[in-house]
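Every chain is named by a letter (A, B, C, D and E) in the order it is written, and numbering of its residues begins at 1.
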């Protein structure tokens, strides 16, 4: 049963199993284990990024396609929900319409880009996605009447999902709409993740790996490589869009900086690589660690800086305002120490 | 030893289109200039736009030249290049501010000498930085593009932050040396003096790079080394040294680009290089990886097209570069005159 | 204890502005409490939160400030995009958010809610002040702005106010936000303005890097009799003004201009503690700090948000920029602006804005848009 | 007899976690062609790669021309006078044939006379001198790989399965070229699966099995003894 | 007469000015093993590439079982029954030996787009793959990563993948190059076995004369891209073109 749920792709390392379980439990019980606005925010973000990163890994790790447009798909989903909520008014119907429309739009756009450019070299696809993504970003900023431009959109979601909706107390924690919202995000993400896990372990997933390894031979044994690549791109885009919709539902705000920026694209890349490319579990670890670092590095540094007060230079470097410096160092070190990602490291037992 | 039996494959004549194909990229620039003239109509505007577009192209080329070596030839996606541009600008501008006496004097000789000193200082610092960068950051990830993107972005962030630590978070505004200010006007067209300097520097650099890459084996060693480093070593070359050398050269050129760009912008920020990275990548890619000529033509095309389009239809200026890239890649997926095949 | 959260982009591209803003806020609190940092015996605690210039982070840390840290009043942020994302949070937690120095009109316009006050100027105020400063009968103006909502709104506000002065707007030029080469834009403007008779001005509305002024000036607009004009800026950016002596515009602050006690105190203290004169955003931060203390004193409470809102609507107070007032309708602070002309002065390596005339609150007609 | 040009003593090599060479002892006499034979996967290629330095020997000693080279890097080994033709040919596919050859002559410009000699053995290289090496046919690539090693005078040539994919006519000119090398005083260590080539060219032979050299002796002796062949390489008469 | 499975008609390709395959017209019928010989660079591999679709013809047609496939893609031709092994080994390096073969069988059975089933639940694929590995004696290495195989074993796997594909037209490009003297017979025996199936046709590029002598029913000679000779082995081998251009002198004569 469990094997079927995991599609036969077991963690294959005790430490990894333990880590995954810890993450699962922590996320599942986050509202009760870590009460507080900040921690719930972090937990939801982890859930969403796990799915986003996993969907990117389907493309990058499994199919060997480098795309810089993943945030664009993410954004499509987010703007889908935002626009439908703005125009249809607050309601569940708006959320559903927005999500479905966003996912469809993402898949169609991916189809077009893919058919257009996946026949040629990898770098061509990478550059085209970069071009399309920046064109979309420009468009969003230009169509400010519709999209709110640089400023983004604020909108309302069903009351049941906001803190105003109170349900009483459980284990000493006030359960409100926000908690419900969290569980919506968590549940959807869990399902999406398991779905992705199944896809990569299906016959289709194996073909993707073959294509990654040697597309020339894959074609020669009868796989129509372009179709597979395009399908993978569409799937990955649709899942990213759904992740975007969840993000929009959670945040109740979308803007270019939160969904479309190149910075997020780099974050996704880093999460994939830290976690380990070509394994879905890598996405879980990568996203969790990175989001935690992003959220708590600064506070941590504040503490460290206090603690080292009096020493020369060190408190300056540990100044919370220099957290980006350490994030950069983290980028470098993680690639250094986890060349095959954390999962690769754990699996090889070293 | 016996001679092998004769073997004479059949050769037919090359078709005309094959022959034109080789020269086509060179023709693009005159074609574009003529099209620009037809579309713009006013001679003085056209002249202003063309000269300043070419000069802008030269500045872009100066910044891209280092990347042609590092990304085009060595196949390293180095986002740190952006940080080197910034560092180059900061070092160069600092030197220029020290030499306030020279830059403030209305003497071309003193002004250019000050700029030269600034350039030398910037290139030394960025070259040294490049050396450290290669040793610490890039070396473990040769051949792995994604990891290169990540570590070098890490490096980029770190260097930018260090710029903040050293020079403070404020942007630095400056004034150009006296004789490089203002414009020369003739035939109703105004051409900034500084752009003329940029044209000179760009041309010298272009010729120098072509000579070095044509006359020495370095280009060959690097290209071969990227494909099969083991074999290059088995032929007796110390590939590591060559790679480090080329990387340092690329970084130093980024420093040069930084000084030139900083002087053009007259305001420098830690993020200024990063902002140019996409454009610079586009130039190298449409030029064709590893090709100095390609990057040169690509940069000029970008410069000209940007100006023409911004004049004719400002709305489209936003996507002129991206449109150019897409068009070139549809025409030649490997870029205009690739030396190295893209993967 | 009174908990004030300063939620602003400490890290990221606008780090320099953020630092000024924080110094200003602290000085404002200090000044208004007479150095005690207490109001009626209650100590003030300032909590700092970093938005990293990201709207989603801004939202999260503001919620954290209200929810986890139980802040009574929040101040910030630097960037308009972040500010807009933060507005609903204030509403959700029913706590005050004093926006400083984000400028987007819609903060106190379309996206406003009643928990939002703004001590900073909005972009209409800037544009209108400049229109009032530049306009006049027989003057022809062209604008150069960035091609996005901020730039277009600014020009629209500028245009309306300009027409009231009798001047005409001959040409609007928009260029992409990241433009570095202004040759084409300048050519277009020259072509549009070249044949017009009379006084000709080119007004530049620009946010962020790019420095279009020097570049256009290098193309010698005086050939066509065109003068460049623009608003005020931070001290560092005034370096670029040095090449343009005689240039006119309107600004909300330059430390030598406002003539009042608060500013005198600010300049002295700032010189003493930091060795430099106070800048654009220092003044803004200080105005916010003073407003908070005044409001709490006036309301007599810091916990009852409703009482605070009531106290603040229509409240008048003195800041370093001069007298200020929260308009009751949209909670936007109205303030004095200054028409300046640039001068090159010995010992200053930047172009110094020198006061031409003060534009009082009543001189500018700032529309209410919420 | 003079001292051997190359000696391996108890060389062990690991590839990742696998222990591939398990104590190789081997001598290559000066001025001779030494055949390195054995079944697929016994470690012949690994031995050559260890000699040139592409795999680092974990223990043991490698001496070349009287000096230990165990710990020096590959380029230094090459410059000491070792030429290498790898099993996968190691062609620089993006470069032209000419550029491949220019690189092969590491110490100076290409020698005209030597080039003519190479062209005589491998005429297609002349025909396709300016073509991209990646577009050559399989056999032509093999020729280029050998030609590269011969572009300069070397003391020792390590050649891994040079005849695979070569037409018989070229095999014989190649054999001639190797004899020329020998005549010039060079030594050759040659891995070869084609037994008739081995028979025709080899002076001495070493047979490997399971990461060790299990037999050494004169090539003639091995060629003459069906029993030896059967025992060492699983060669049966009828397969041949 | 037996059925013609594959025909080429005036098949030509030019690279720039170089005519690598020059108007080759030839038919291959079921139950036959045709050896293609010729000097290096004669155009044998290029001829294969044209047939299997890796490169596009400048002129001429390729017909597979009567159907014109000149414009169809590589994958399409493969699905129609054209199987190809490569001269320069082309495998999926980071996957296991078993997975390499299993992917071929999965392609053959058109199961590639199974999105929601578990790959490992398709037991029949594994069983068949193991059977093929058994035949080439790679079964003991089934879990090895392909990149870790020695050259000889990679060559064997290359052949195994073609056999797993079970095509109507087999095309082998120097299958035994680099295989040791004791291993080559395993592969050659396999090819001999394939000949028993009289529905299929086999094309074999090979430089080893003894192999050709034992296996071929027919030999065609390519020289400078053109068809220089075609006929039964004895006649062709004796012809002048072959002797001169191809064989040179026997090694032992030198």
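Going forward, a residue touches a chain if its C-beta (ideal position, glycine included) is under 8 Å from a C-beta of that chain, and two chains touch if they have at least 3 such contacts.
Just so you know, these numbers come straight off a predicted model, no measurement behind them.
Farthest chain from subunit E (centres taken as the mean of C-alpha atoms): C.
Using CA-based centroids throughout, the chain positioned farthest away from subunit D is C. Separation between the centroids of subunit C and subunit E, computed from CA atoms only, is 75 Å. Separation between the centroids of subunit A and subunit C, computed from CA atoms only, is 36 Å. Between the CA-based centres of subunit B and subunit E the separation comes to 47 Å, rounded to the whole angstrom.
Here the spacing of subunit A and subunit E, counted between their Cα centres, is 45 Å.
In subunit D, the residues that reach two or more other chains under the touch definition are 124, 169-170, 172-173, 176, 179. Residue numbers of subunit A whose C-beta contacts span two or more other chains: 142, 324. Residue positions of subunit C touching 2 or more other chains: 15, 147. Residues 52, 54, 73-76, 78-79, 84, 86, 90-95, 99, 102-104, 106-108, 111-122, 161, 165 of subunit E are the ones touching subunit A in the complex. Considering their complex, residues 4, 7-8, 198-199, 201-207, 209-210, 213-214, 216-225, 228, 231 of subunit A touch subunit E.
Residue ranges of subunit E in contact with subunit D, taken from their complex: 15, 37-46, 87-88, 148-153, 156, 173-174, 177-185, 207-210, 245-254.
Residue ranges on subunit A touching subunit C, taken from their complex, read 36-38, 41, 141-142, 144, 148-152, 154, 162-164, 251-253, 255-258, 298, 320-321, 323-324.
Those residues of subunit D that touch subunit B in the complex are listed here as 52-54, 73-75, 78-79, 84, 86, 90-95, 99-100, 102-104, 106-107, 117, 120-124, 127, 148, 169-170, 172-173, 176-177, 179-180.
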